[in-house]
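Here's the structure we're looking at; comments come further down.
Letters A, B, C, D, E, F, G, H, I and J mark the chains as written, and numbering starts fresh at 1 in each.
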Amino acid sequence: MEFLVRMENRLPPETPEDERAELKAGERARAAELRAEGVLKRLWRVPGRNATVGLYEAADPARLHEALMSLPMAPWLDITVEPLATHPQEAG
Amino acid sequence: MEFLVRMENRLPPETPEDERAELKAGERARAAELRAEGVLKRLWRVPGRNATVGLYEAADPARLHEALMSLPMAPWLDITVEPLATHPQEAG
Amino acid sequence: MEFLVRMENRLPPETPEDERAELKAGERARAAELRAEGVLKRLWRVPGRNATVGLYEAADPARLHEALMSLPMAPWLDITVEPLATHPQEAG
Amino acid sequence: MEFLVRMENRLPPETPEDERAELKAGERARAAELRAEGVLKRLWRVPGRNATVGLYEAADPARLHEALMSLPMAPWLDITVEPLATHPQEAG
Amino acid sequence: MEFLVRMENRLPPETPEDERAELKAGERARAAELRAEGVLKRLWRVPGRNATVGLYEAADPARLHEALMSLPMAPWLDITVEPLATHPQEAG
Amino acid sequence: MEFLVRMENRLPPETPEDERAELKAGERARAAELRAEGVLKRLWRVPGRNATVGLYEAADPARLHEALMSLPMAPWLDITVEPLATHPQEAG
Amino acid sequence: MEFLVRMENRLPPETPEDERAELKAGERARAAELRAEGVLKRLWRVPGRNATVGLYEAADPARLHEALMSLPMAPWLDITVEPLATHPQEAG
Amino acid sequence: MEFLVRMENRLPPETPEDERAELKAGERARAAELRAEGVLKRLWRVPGRNATVGLYEAADPARLHEALMSLPMAPWLDITVEPLATHPQEAG
Amino acid sequence: MEFLVRMENRLPPETPEDERAELKAGERARAAELRAEGVLKRLWRVPGRNATVGLYEAADPARLHEALMSLPMAPWLDITVEPLATHPQEAG
Amino acid sequence: MEFLVRMENRLPPETPEDERAELKAGERARAAELRAEGVLKRLWRVPGRNATVGLYEAADPARLHEALMSLPMAPWLDITVEPLATHPQEAG
């Protein structure tokens, strides 16, 4: 099933640059894995914010939760999840 | 998967009593079927309101949507759905 | 550019069934055209609600506005539009 | 009587790992006791968040308050409590 | 247990005066009974509004719900209920 | 005149235990004085929160403000005050 | 004591012109009386809205409530009242 | 001085087409006059909504209020006004 | 023109007493000057809060902004400004 | 396309004066460049706040995002972006 996932990144602006760079690199790497696994299907930036909107797919909310918590930036992310139902118009 | 479902009933107070009674009877009957099918697992009243909080289970959000829309009162219900993830403490 | 579009359908529950059916048929037909034109890219139902979340693409907000207003149901839709920026991870 | 209890965990991400681990272990242990006492009846994770939704039972709000405050994580939890009324449909 | 109950009266201003007067008289009579039964302990007006704040006591939320729904004005009342816990300072 | 007063205690969880204990003791002592003076009439806990709802009486808002600010915990309290009007039903 | 009073006028736009004119004339007349009595001290328009912000003075909230309810437009007004405390800077 | 003005058009969808057309024509005509007078400086559509954001200029809020109320659609417009201060960067 | 100005003081409770006293003294002195200049016309305390509501007058929003920013406490104030339009009832 | 951009500056009041001055100078310089490039078209201050409302133009949201993130103050800015559609009235 698909989920719309909104992430606001609350990493403090005072975070040292190298720590931030390491977190970002880890974030990109883990996101790439989630894409490869088919969990992360689309990702957009919310213009003007350190925030994203993403389209995710997972077997259930518990599996989605694990995927999101596996992101290195997770402790600083304010995440909201909205379940999406397939629209009949999209069926075959 | 389980969902927390909140329903606010917006049926206008001016609705004729027999129409209201018929809707309520239909609602009870359909809710009983959803219980029998294991879709409606628990139901509570929000004290002071014509509203309920319910614990539902469905294979996915699309199936949940169909179940909720099958309620005769659906056109007057303001429904919000929250996906729930099994907590590891509850596992086996 | 892409937009996340949320539509809450406020058509009154008291609307006669044939009027509702005609509006829905017109809605489906126009949505199909918008899909064919590449304006409507994905559409989901918000479970429990007469509402959708959609991914749209248009040259600019004015063009998006025209597309949305061309839906027969438009006078009853409460629509909110969120602009999306391509995420660098998605490039190439 | 039953209560729907929502907990947002505000423990700062900068908390040292061992302090966090100790708090979590204490939390699990105390939650197990509350389950054994019949106070904590169900617990879910809010997907994407360090948050839970739980179904609790207590003789009255004061007793519920004591149970919630007995959690080692309590000083960092933002808790909201909603009283639930048994729905007539659920009566025998 | 005690509850703080807020009621906003949504009776349309266009309601005929006699219907309104009858509802109000019934409301006063039923409120007097609830006072006599110890369910309604204090009642205040929210200045400037057709609204009240009240202190109620009931064995549980279900009993409170029944009491509130027994008010003739109930179909037009937007009611919110907040459970209150006895404060240790108030004990004996 | 009476006021409904809501207090959310924002004292940081990291506050040293002895400082917290001293503040709490001072709070209890000052509250007892306000009770004796007839300013604090009832006090409840908001279950699950470090928060209270109280019924206060004071000659006017300025006098109420002074009473509230005299609490040792005042600098950490987020307080909201709602004026209450005597309901005609309560008049002799 | 003084109160800041916000009034949003919800009289439906479809109200016949003569009924509206009569209500407005009555409103002006009653407002003039409240000014003469010292209850209404200042009145402003919220630009762009059929709404006002006013500075009122009354012995207590119950007296203020009576004054506000005496306005012919009262059944259509959505009123919020905020108590104001004299600031020490303004003393003597 | 300049103001940011947001208008949500609440004209009911059930309004007869000729009445709506007449209102719209009057609206366009009056807006053209306000442009000619330098009151309306820029106007945008909020995509997906029957709503606008506009940049207005008027000597003071009372004059702005008169200009906005002179629009034939005014009784159905939900208008919010935000005062803007010239930014020093724009000087000279 | 007149403005309704709301100020919430966010000075941290941990601020050393002498720093706080100095800021408050500077605040009182500057407020007295703004009164003498006719910019600050009335000032009230919001009961229970470290907050004020004030009636200000300035030639335009830019001038008001300068006046507010000249307060020594300004960096810690969360200020909201509402433009007020003279009500026709108040015109001589 | 044009965007309405709201920026709340969250730079802590405790920031050393020289660091703040350097950030402000850099901000002015970069804003001047964005003006020269036609990205920043108008800028206003929100009276009473360390905040601005601006009218920006960019080819798409991604380009706007880059421009906003290029501001030296960006890590401390809470930015919201609203897409604007050209209004037919403005068309030549």
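Here, a residue touches a chain if its C-beta (ideal position, glycine included) is under 8 Å from a C-beta of that chain, and two chains touch if they have at least 3 such contacts.
Labels paired with UniProt names: A, B, C, D, E, F, G, H, I, J = Muconolactone Delta-isomerase.
If you're wondering where the values come from, they're calculated on a predicted model, not measured in any experiment.
What chains touch subunit D (Muconolactone Delta-isomerase) and also subunit H (Muconolactone Delta-isomerase)?
none
Based only on mean CA positions, could you tell me how far subunit E (Muconolactone Delta-isomerase) sits from subunit H (Muconolactone Delta-isomerase) in angstrom?
For subunit E (Muconolactone Delta-isomerase) versus subunit H (Muconolactone Delta-isomerase), the centre distance works out to 43 Å.
Roughly how far is subunit E (Muconolactone Delta-isomerase) from subunit J (Muconolactone Delta-isomerase), going centre to centre by Cα mean, in whole Å?
50
Please output the residue numbers of subunit J (Muconolactone Delta-isomerase) that touch at least 2 other chains, ranges allowed.
Only 3, 45-47, 61-62, 64-65, 81, 83-86 qualify.
Can you name every chain pair that touches?
A-B, A-C, A-D, A-J, B-C, B-D, B-E, C-H, C-J, D-E, D-F, E-F, E-G, F-G, F-I, G-H, G-I, H-I, H-J, I-J
Which of the residues in subunit I (Muconolactone Delta-isomerase) come into contact with subunit F (Muconolactone Delta-isomerase) in the complex?
Subunit I (Muconolactone Delta-isomerase) residues touching subunit F (Muconolactone Delta-isomerase): 13, 45-49.
Touching subunit I (Muconolactone Delta-isomerase) in the complex: which residues of subunit G (Muconolactone Delta-isomerase)?
Per the stated touch rule, the residues are 2, 4, 28, 31-32, 35, 42-47, 52-53, 55, 82-87, 89-90.
Contact residues on subunit I (Muconolactone Delta-isomerase) for subunit J (Muconolactone Delta-isomerase) in the complex?
3, 5, 61-62, 64-65, 68, 75-76, 79-81
With touch defined as at the start, can you tell me which subunit C (Muconolactone Delta-isomerase) residues reach subunit J (Muconolactone Delta-isomerase) in the complex?
On the subunit C (Muconolactone Delta-isomerase) side, the touching residues are 1, 3, 60-62, 64-65, 81, 83-86.
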